[in-house]
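Labels run A, B, C, D, E, F, G, H, I and J following the written order; every chain starts at residue 1.
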Amino acid sequence: MLFLVRMDVRIPHDLPAEQVNEIKAREKAYSQDLQRDGRWKSIWRVVGEYANYSVFDVASNDELHQLLQGLPLFPYMQIAVTPLAQHPSAI
Amino acid sequence: MLFLVRMDVRIPHDLPAEQVNEIKAREKAYSQDLQRDGRWKSIWRVVGEYANYSVFDVASNDELHQLLQGLPLFPYMQIAVTPLAQHPSAI
Amino acid sequence: MLFLVRMDVRIPHDLPAEQVNEIKAREKAYSQDLQRDGRWKSIWRVVGEYANYSVFDVASNDELHQLLQGLPLFPYMQIAVTPLAQHPSAI
Amino acid sequence: MLFLVRMDVRIPHDLPAEQVNEIKAREKAYSQDLQRDGRWKSIWRVVGEYANYSVFDVASNDELHQLLQGLPLFPYMQIAVTPLAQHPSAI
Amino acid sequence: MLFLVRMDVRIPHDLPAEQVNEIKAREKAYSQDLQRDGRWKSIWRVVGEYANYSVFDVASNDELHQLLQGLPLFPYMQIAVTPLAQHPSAI
Amino acid sequence: MLFLVRMDVRIPHDLPAEQVNEIKAREKAYSQDLQRDGRWKSIWRVVGEYANYSVFDVASNDELHQLLQGLPLFPYMQIAVTPLAQHPSAI
Amino acid sequence: MLFLVRMDVRIPHDLPAEQVNEIKAREKAYSQDLQRDGRWKSIWRVVGEYANYSVFDVASNDELHQLLQGLPLFPYMQIAVTPLAQHPSAI
Amino acid sequence: MLFLVRMDVRIPHDLPAEQVNEIKAREKAYSQDLQRDGRWKSIWRVVGEYANYSVFDVASNDELHQLLQGLPLFPYMQIAVTPLAQHPSAI
Amino acid sequence: MLFLVRMDVRIPHDLPAEQVNEIKAREKAYSQDLQRDGRWKSIWRVVGEYANYSVFDVASNDELHQLLQGLPLFPYMQIAVTPLAQHPSAI
Amino acid sequence: MLFLVRMDVRIPHDLPAEQVNEIKAREKAYSQDLQRDGRWKSIWRVVGEYANYSVFDVASNDELHQLLQGLPLFPYMQIAVTPLAQHPSAI
């Protein structure tokens, strides 16, 4: 079951740099693990913004929320989720 | 799997009254069938508006889209879907 | 009398972690008390967001405001209240 | 129980003038009946707009929706309802 | 001359509690003085929000601004003013 | 007492041209009468839009609403009114 | 080069049904041709809406505009284009 | 003096095709005349939309409004004008 | 050449009071100098807000930006500029 | 390939002045290097705002994102990118 997810990152400018770097490193590993297991199907940078559009393939709303809530950057992100369905023109 | 759905109805004022009544009658029957089979769990009128908030319980995004697209009023509605997950404080 | 309530939580990132945890613990207890006495009928997590949609069943606007204002997270939440009425198609 | 209600009137310009006048006459009578029985406590024109702010005093959400849905201009209005509570500074 | 005024209070979370309490006490006294002299005709809490809708009856725009600007909470509020006129259906 | 008023004109494209011209001629005369008697102090075109910003000087909200409601283009305009007060830096 | 495109379809309700059907048939064929040649990489229905999110893979902005402008439903769609870039966490 | 102008075209779908074509032909000639005399410096299509961004170089606000108001598509466009100034980093 | 300018002031609450007062004193002097030389034609307080609407009469966009950028409160203001033109109904 | 880019700068007021100046100096040098090599074709100040509109000429979305992400002010800017195409009326 597919979902389009947009994540906008807003890190407070007074967070210490080493803490930010540590969070980003964990975020990258977390994301790549999910990409490898097939649930985080695609991730693209929005040009000019600290933001991404991603496609997730999960079995349920609860699974998706668990994945997103576990993101190391979750406390610093605004996330918008759009449920997707099969399009009748898709080949 | 639960979804909160808001439907705002906008029927063009120049649609013939009998056509509108026929669509509304089919809409009501369609809605009540889905309520009886448990997939349209709740439906509430938004006070002061020709709109409703509903909760759907379906197995997938595709099933939800099929149900919504089949609404007789679908061509005259603006619909917004919010996927819901289990809340950690829910008892 | 039913109300749909959306609560978006925005905790300032410089609030001490122990204070946040203490507030959250009180929030959970407060919410579960109201769920048990039947006034907080439903609570769902919005997928991907630190937010919930809830349905309250109260006797008056004043009662609802007292409940919401008493939430331990109230100072850190943006709350939107939608009054609901019986829908003519509800079975 | 008090509610602040804003009503914006949007009458399609191709509705026949006599039909519009007849609806407005019924609207006025309907409004004045409710003002006399105390449920439509106040009505003010928004300066420069075909709109009003009103205060309703009703026993329930359902009663308010019945009153609003019965407005002759209901099909041509956009209505926004805000539930009000007692303010702690009110004397 | 009537005005509908909405005030949304946003107190920074790092303002010391005693300072907040002192401001709120002055705010309450200030509001009640104006209610007693008839210029602050009504004040209602918006359910679920740290906000109010109020009706003011003043002789001029300048008088209204002086009253609002003098609110002890003025630096921490977002205020929206809507001028009201007599409604032709008002009895 | 001053008010800033923005008027956006939206004439339906299927209104007959002679009717539009007749309305515009009456609008111009109406506006110029009010400019001459000093109540419509200023009127400026918004560059690139069929819209104007105007400053009105009237004795009350009711007087302003009567003037605006009497505009021949009133049924085809969206109007926004901002009450103005004396600025402490004005010389 | 990837672009995320959202298309919202708004067909006027007074367009003859056969004309609508003919446009939709051409739209489907047009879309499937582009999917087969690899430039229209993905198309998903937005649940509950007459809308889709699509990913296009084209050589230039001009090529993308030509593809979109050629859509048989183009005159009846609102389209929003977001340019995408490689994400540093993508595997 | 430079201005950035965005024009969004919204032609009613029930305007006869020959009338639309005639307007568009005049629009193109009008635009190209102004491009040749240097006042309409640039015009770009917004990808995926019936809209353009343009840069105008004119001597005054009044001149710009005269140019825009004279556009054959003016009655069917929504126009937004942004005044531009010299940027300190421009070479 | 006229411009309507709206300025909304947002001073961070943790700026020292003496610094704020010194900025405001310079702002007032700066504004009054420009009012005296005729370029800042009008300034009005928006009722209930820490904001003003002003009319500027300048020779160019660049001149206007220089004036606005030089405001002592510039770093703490949100400014919106609307270019104005002669209105055909102005007398 | 052309893109219109709007950048709004929001520097936190508690960033030390010397740090801000150092960032701005690097920003200016960075911008002028890109203007000289032809990829940053135009940059204009938005009148009254700490913002600019710019036109970039790049070979790909990825190249544009690299340029924008490298801006010394990138962490303090909100950026919006609009892809542009050849306009059929352009000469």
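Convention: a residue touches a chain if its C-beta (ideal position, glycine included) is under 8 Å from a C-beta of that chain, and two chains touch if they have at least 3 such contacts.
Owing to the predicted nature of the structure, the values given are computational and were not obtained by experimental measurement.
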Decide which interface, E-F or A-G, involves more C-beta pairs in contact, and give its chain pair.
-> A-G
Thinking of H-J, which of H-I, A-G or E-F forms a repeat of its interface, with over half the contact pairs identical?
-> A-G
Just how far, in Å, is the C-alpha centre of chain H from the one of chain C?
-> 50
Distance-wise, how many Å sit between the C-alpha centres of chain A and chain C, to the nearest whole number?
-> 26
For chain B and chain E, what's the span in angstrom between their mean Cα positions?
-> 40
At what distance in angstrom does the C-alpha mean of chain J lie from that of chain B?
-> 45
Going through chain E residue by residue, note those that touch at least 2 other chains and give them in order.
-> 2-3, 14, 45, 47, 61, 64-65, 81, 83-86
Within their complex, state which residues of chain H touch chain I.
-> 1-3, 60-62, 64-65, 81, 83-86
Mind listing the chain B positions that touch chain D in their complex?
-> 13-14, 45, 47-49
Residues of chain D defined as touching chain E within the complex = 2, 4, 27-28, 31-32, 35-36, 42-47, 52-53, 82-91
Chain J touches which residues of chain I in the complex?
-> 3, 5, 12, 14-15, 61, 64-65, 68-69, 75-76, 79-81
